[in-house]
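Some structures are shown below for you to check.
Each of the next two complexes has subunit A plus one other chain: subunit B in the first, subunit C in the second.
Coming up: the complex of A and B.
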């Protein structure tokens, strides 16, 4: 009889898929065991010459109390350019793929409002925003930096969406802001030459660059999120 | 302490892969990111820990949850091997009316609309190819004459609700002499 054949075949196929899951799990386990083994047996990195140079000289070179900031804004500033460019290309790609959507038609969620969540988050917003700005401005003195602060600021607006999904946000203009900020990052990095020569510019350079990177990341992550949140499933099907 | 964190990372990674409920997988992934962030702090990298906490726990979790809420598609696959008999008729739409399957499809569609799901119905006459990708479909409807077989997954709660819905509204179909068997795999 055909009926039993089909269900038997589907069950057999499921068993095969189950085997694949087990293989994936054992693969993860194997990698972890190798990693732990290496972690136990490889010594500290203190002996590497570059590491000891950075550790000794970063405060003198950059006036930054945070070694990570010293590296990504001074020693390895070109890496930062391309990281920022990568995020911008990502945003451009998402905007290109979802460009068919013209209006934020989100009326279906308009009546749903979570009052408890809204009350709690209304109390927390100022604190989170201040924390994000603190991370950006004090990135050169304490853990944090432009990327982390920008991501915290973007998280504020994402939780805003969770509270009130019906609200309409116009994020298209953020794209232009992001482009301008990227240009500013590239052009302000010429201050690095001044900063490496004159002590007065060192702190100023770090703060300006962290500020620009932070707001650029904030714009980029907000655009990505709102494009995903307001995507029309109809426009997705027409691909 | 560090070994304990590594161990819980492995456990969370495996659980995330193994769980069958997508929302649970997202939550486990958030937990994985949180433990990862604590591990970075233990390894004296607070900057990376901050980035991991913000990106992994907050942004990607919210993004995944929003996408899961948006993507409410119910995939139906309709299999009927007899279509080979009427090959001269190339218009598939006409074949559909000939096959006399409109009622059961309408039943599934009505269920989807009542639950605000969007039905995606795929018609096929080759069930052999279908078996390897059967996990893509929430339900497979197999027709042989007036006999219908429905295959669904036990873990899919929508399928279980659909079974109850069909049982409730089966009288219209049985008037035409059709019989339905529902099998949960």
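Coming up: the complex of A and C.
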């Protein structure tokens, strides 16, 4: 009875909503035009000093062939810490929100197999693994890096899920691996002081940090994917 | 005429419109995603000129600014985290109140509990 009352109230609001949307749209259009006008007349921001310093010095300072890797692993490594921490907190939050066990059975998922998809993904997933590890290991020399490689590697579990949707996954162990990797990242990057004084150590430092970050991002994205994929089933061991 | 910065300003305000004018929770999350992408596009296209090259493989002259690129990697991962948290919150609210509408959910919450 209450629901019908609510829907009646919302229907009455609909007429008001049309007018409200037009008002909001015109208001935002005005603000957009003001901002475009300001952009046209003020122009973009110059960051010439920092840009020219990075351009000149990044190879000498960090031994990285990739300026982006040089920044996020050497000049601004604290950004990387807190970004990895934020991803871990996000994973913890998702685990907390999905804690409530549902009574849904996953037997109907088992019948969703698709043979063509299965054959294609069985062929593709070793290539995905190799490509992800290549992106991670050569992140300091060519385009790529830990974050991108980790995101590519997360596609492995997604393709495994598509091939075999009824399988049971132990997500808790992935979570523990992620925590361990975060601790390793924080403790290993304290060696940055060492890396800045010994030239031989610099490229090794970059590769190991990229590796740790890549696998941490891989674990985090895989856990997020599994929690969304199995939201209505009881296939996750940790539930 | 339509460079990255102008496109990103327009996209950002499309996202603002989606948040203010629409009452659907999924549409709000999508609008937040659009705003994130607009900010990423803006910061990547600041200080960029035609003919600049990617700052990789040891180039030191005529490369694009590496600082916003490094910061935007961080911003993309944070965007993934924000979207995931937003969607999981939405699923929780939907299980609790059975609606995707902000006003309906607020009304049911005032009435007290699951209906």
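Annotations for the structure displayed:
Following the convention adopted for this analysis, the second predicted complex is superposed on the first by the 181 of 239 C-alpha atoms of A that agree within 3 Å, B and C clash if a C-alpha of one lies under 4 Å from a C-alpha of the other, contacts with A are read in each partner's own complex, and residues count from 1 in each chain.
Criterion: contacts are C-beta pairs under 8 Å (C-beta built on N, C-alpha and C of every residue); 3 or more make two chains touch, one makes a residue touch a chain.
A quick note: this is a predicted structure, and the numbers were derived from the prediction, not measured.
After overlaying the two complexes on the shared chain, residue contacts for A:221 are found with subunit B and with subunit C alike. Of the two partner chains, neither subunit B nor subunit C is touched by A:172. Of the two partner chains placed by superposition, only subunit B is touched by A:162; subunit C is not. In the superposed model, A:68 makes contact with both subunit B and subunit C. Taking subunit B and subunit C in turn and counting the residues of subunit A each one touches, the greater count comes from C. Residue contacts after overlaying the shared chain place A:200 against neither subunit B nor subunit C. In the superposition on chain A, A:56 contacts subunit C only, with no contact to subunit B. Judged by the touch definition given at the top, the superposed model places A:25 against both subunit B and subunit C. By the touch criterion defined above, A:229 lies against subunit B but remains apart from subunit C after alignment on the C-alpha atoms of chain A.
Across the superposed pair, subunit B and subunit C both touch subunit A at residues 2-3, 6, 9-10, 13, 17, 21, 24-25, 28-29, 32, 36, 66, 68, 143, 145, 147-148, 221, 228, 231.
Those residues of subunit A that touch subunit B in the shared complex are 2-3, 6-7, 9-11, 13-14, 17, 21, 24-25, 28-29, 32, 36, 66, 68, 135, 143-145, 147-148, 151-152, 154-155, 158-159, 161-162, 221, 225, 228-229, 231, 233. By the touch criterion stated above, subunit A contacts subunit C in their complex at residues 2-3, 6, 9-10, 13, 17, 20-21, 24-25, 28-29, 31-32, 35-36, 39, 44-47, 50-51, 54-56, 58-59, 65-68, 70-72, 76, 79-80, 83, 86-87, 89-90, 93-94, 97-98, 100, 141-143, 145, 147-148, 217, 221, 224, 227-228, 231.
The touching residues of subunit C, counted against subunit A in their complex, run 5-6, 9-10, 13, 16-17, 20-21, 23, 46-47, 54-58, 60-61, 63, 65-67, 69-71, 73-74, 76-78, 80-82, 84-85, 87-89, 91-92, 95, 101, 103-104, 107-108, 111, 115. Of all residues in subunit B, only 3, 6, 9-10, 13-14, 17-18, 46-47, 49-51, 54-55, 58-59, 62-63, 66-67, 70-71, 73, 118, 127, 131-132, 134-135, 140, 142, 144, 149, 151, 181, 183, 185 touch subunit A in the complex they form.
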